[in-house]
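Worksheet: one structure, shown below.
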């Protein structure tokens, strides 16, 4: 018996990406894709790359004769939805917004590389943010070892899909092509969940995380570079990271200086380390729409339903 | 005494490009830049690349103590503006919209390579469209020689700035980057002015102009390739085009296969010819915002006021 | 028992793309990937997006204890390879070069939408060219109906991966970004195989195919627009194409004006039709590396070995 | 009498950019452009955007009947050139390589915002590096005030033209488009000249400069973001920077969060400040080919020959 999945808010970017993955997932039947604005329209009328893949239409109504409900609603809308709808307890919820990331209301923060065992028995998942995913995966091994003893310096660049579907001055092609800019320096909202995760592994952590986010001139992907003071040698650091991620199929430690397109259109995180003096530099790369959003949501679903973690997520990278 | 120039509608793309040119023009004083939506704001608050170049603010009101008024209003708004405002006869008007391109109301079609002498004594100019400029410059030598005796096949690709400042699905970076699409095939609105210009030189012309416009994944520039049956040899064709443009400083005939970035950020048109069997192929390239809009408007102003045609228009190309 | 596949010339673009597909193909074991220049190196040292997907190394020697051999060698090298190596008759050959596309030496032109039944029993496949695939799929329904009675006008733009891995002036990022150029106008080498395929369905075809290829400023994909005179109504044309491709899983006829990214990273071809006066316009889009090369090679393999045609080819599109 | 300028090594990127500027410079005559590899060819055969601007050909021989010689040779070649050629003392030398940036052999480091008065009487100029220019301009006001009292954290991204004309894996379009990568982290060669300049203003400076350079997916421009601990309030910092650059025409302090395309194709540097806790963040942006190379070389020439500093350098920005 396949997993019956419902999707609320399927007309946006994370909804579309979730559909791209789920229509090829061998253990999932999509029960419905709900969208207020597009009810009755073919899914491919909105996500036109799905033409030829599916004849699904957007549903005008939700129901709970399903096993799992993905919430692909805007920030603030997910908490409203959960409050206003009596979702039966047997329906698992995977929320892609930031509303429940403080792990309120019984939601579990859905970063499998941090809390895989908890996720397996969870009924409600708060799927992590994209920047947060890339940065936490870079920090967790050090946190677990209690080695985050100084402030952390991060610069990270995201693709335009991170800004969502609604047009804005900073997603206008004429503006964004060939361009680069900083935003929310030292104040990005993902710092909260990053601190929460780090402290779960290293409760004594009390240093600054200095984070400068950039808007990049490309559609997909996050490359984060971080550094902090560390007494670890290069070899010790490499071993620490390799050990931490040994059982995690989507994270790979590399000894070759990486580039962002290695992970685009995949659910992978690639991590690379360098040591310079007392500075340990960590580069961490993900695709913001897959590992940073919808792919991770499916990874969480796989864990909840006892599937192999990689089911439906062995995605062909775009390469170029 | 410098030319006093007013600009109506200075907050859009053509208004911004006009400002980029006029602030460095040695014979122009900008009397005002009018914008309803931005009155009182610094020009560089909207066109932020002008920061450091000018401390102009957008004016809330127009006046006619000027020598020339540039209309950078939307299509349809220019004709309204002219009808509703009693613009004194001594103020020259250069309209960048399509409203007067059918040469009504005393407006002269402002393509210097077609009617330079008429422009010199004109008081009202209808500045040509961007696709129209690139295509007409490719056809005029054949039309003048009466050699457009068969249908014409055109494909031409434009940059995103051709679509203007208002965000739309096809100017969203996430959509347009790495993408390509056709629009208004066989029905682009510039076909009217192209036909008008060709018939002014060759009244008997009655063949189809088949035009497929493309949206390109870059911000600036139009590359048009055209072909038609022709009895001219390659040498004859090269000579015909070289002779036609011998006295026109912005058009160059090349014998090297060109690429679009040769003209980006300049007022140039570069034309290249190949002969294949009985087909004569013509490649014509311009920057849609300069030669295709605001640069050509300044070229027309130069002609009207008796300046050297290239004054203020020897622009450094971007090169890369 | 899985299909044992060997790959000769696995370090180039088509070899890499073939690996991206085959490592996730449920019915294939990769016996070896041969590369002279990279023998002994990890595959992910060259195709670094495969890091985490495979620990294969490039082999220094070939052998024939395999079921199928993919030739991903340069044009001219494939024919040499076949001549110099005694490949056993039981080993199927799928050649991605142009060397055998004239269907010499027992090779079958591997366009499944043209000759699926022949491919199923073939032992040697000449995999079609990328431009050829997009253009032939646009023309075959008309050819089969004997309706190509006038000359054909084509413009088509390809991504940079079509030019291969060796750096050249026209694949330098500083040059190609934001750029556009025409090359091999009226003389592209794929015209040969296009004519061959059209004449196989419509032996009387004797009209010119006017083809202007463009280099686009993006890495992947071909969008071709074609038109010719036709007496078909829009409805008749749509029906003709729908009927022709009814049983072909990778070709979809759409009634929405498409854009290139619908097909990027998939094995799909999307076709769109418009009628303007007596002109029938056909837009045809593929990914040059998948349906235009390695994806089609796997599609041919699937047919030869009696698998479902889409096995391993239900690829997640990149979308953005 | 115009300045007679010679150019050695005119076929590369900095040579081309220098030509783009000098051909429109009102006070310069280009005496010759020397290139070994292209002697006898038209300049526009190499820098094809100069077609229509100049009929210069590359010279096969140098001479010293000039006022200034620009060296656009590779790193290491400039010092050889100076050693092997007896350049007369009356010929000013402006070297765009890094060879003399340690200020050996009588060369003055040509950053006008650091040492304008020295440059005015100098005969030999070592033109600064591109990253170095953007970073030094961000640090000089703090250094002059003696306020660089803690380590400095820098991330900065450069366009592909920074890597020069020779093709390499990291300048291949298929690789670099939509991509991002770090290189030479903590070890970029420009750190030397940055330290040298900072110490000239603040001899006691002895803190680490942590610099992570990125390769960006665009052709032109550097955006650097820096931060360090500072006791200055936001207002004090803004005043400090405004005062420092009050007399420097190419540097503008802005209070609007900037984006890279504000400076592309100009000789400007735009600087923006934010204060977060005790961290002062400085964003500094230049075009790597103009202010970061050839534009700055012309700025130095202007100073040496007593011209207005901005002569020939009021360049129209590309805007988009």
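For clarity, chains are labelled A, B, C and D in written order, and residue numbers in each chain start from 1.
We adopt the following convention: contacts are C-beta pairs under 8 Å (C-beta built on N, C-alpha and C of every residue); 3 or more make two chains touch, one makes a residue touch a chain.
The structure presented is a predicted model; accordingly, all values stated were derived computationally and were not measured.
Engineer: Please tell me whether A-B or A-C has the greater number of C-beta pairs in contact.
Structural biologist: Between the chain pairs A-B and A-C, A-C carries more contacts.
Engineer: Look at all chain centres (mean of CA atoms) and spot the one farthest from the centre of chain B.
Structural biologist: It is A whose centre lies farthest from that of chain B.
Engineer: What is the distance, in whole Å, between the centres of chain B and chain C, each centre taken as the mean of its C-alpha atoms?
Structural biologist: That gives a centre separation of 40 Å.
Engineer: I'd like the Å distance between the centres of chain A and chain C, where a centre is the mean of that chain's Cα atoms.
Structural biologist: 34
Engineer: I'd like to verify one number: the distance from the centre of chain A to the centre of chain B, where each centre is the average of its C-alpha atoms, in whole angstrom.
Structural biologist: So the centroids are 46 Å from each other.
Engineer: Can you tell me which residues of chain A touch two or more of the remaining chains?
Structural biologist: 13, 159-161, 174-175, 177-178, 217-220, 258-259, 261, 264, 320
Engineer: Flag every residue of chain B that touches chain D in the complex, lowest number first.
Structural biologist: 13, 16-17, 20-21, 24, 45, 47-53, 159-161, 177-178, 219-220, 250, 252, 254, 256, 258-259, 261-266, 268, 270, 289, 314-320
Engineer: If we count contacts the way the header does, which residues on chain B are in touch with chain A in the complex?
Structural biologist: Residues 13, 159-161, 163, 165, 167-169, 171-178, 217-219 of chain B touch chain A in their complex.
Engineer: Of all residues in chain A, which touch chain D in the complex?
Structural biologist: 153, 155, 157, 159, 174-175, 177-183, 185-187, 208, 210, 212, 214, 216-221, 223, 225, 227, 257-261, 264, 274, 276-277, 279, 281, 283, 320
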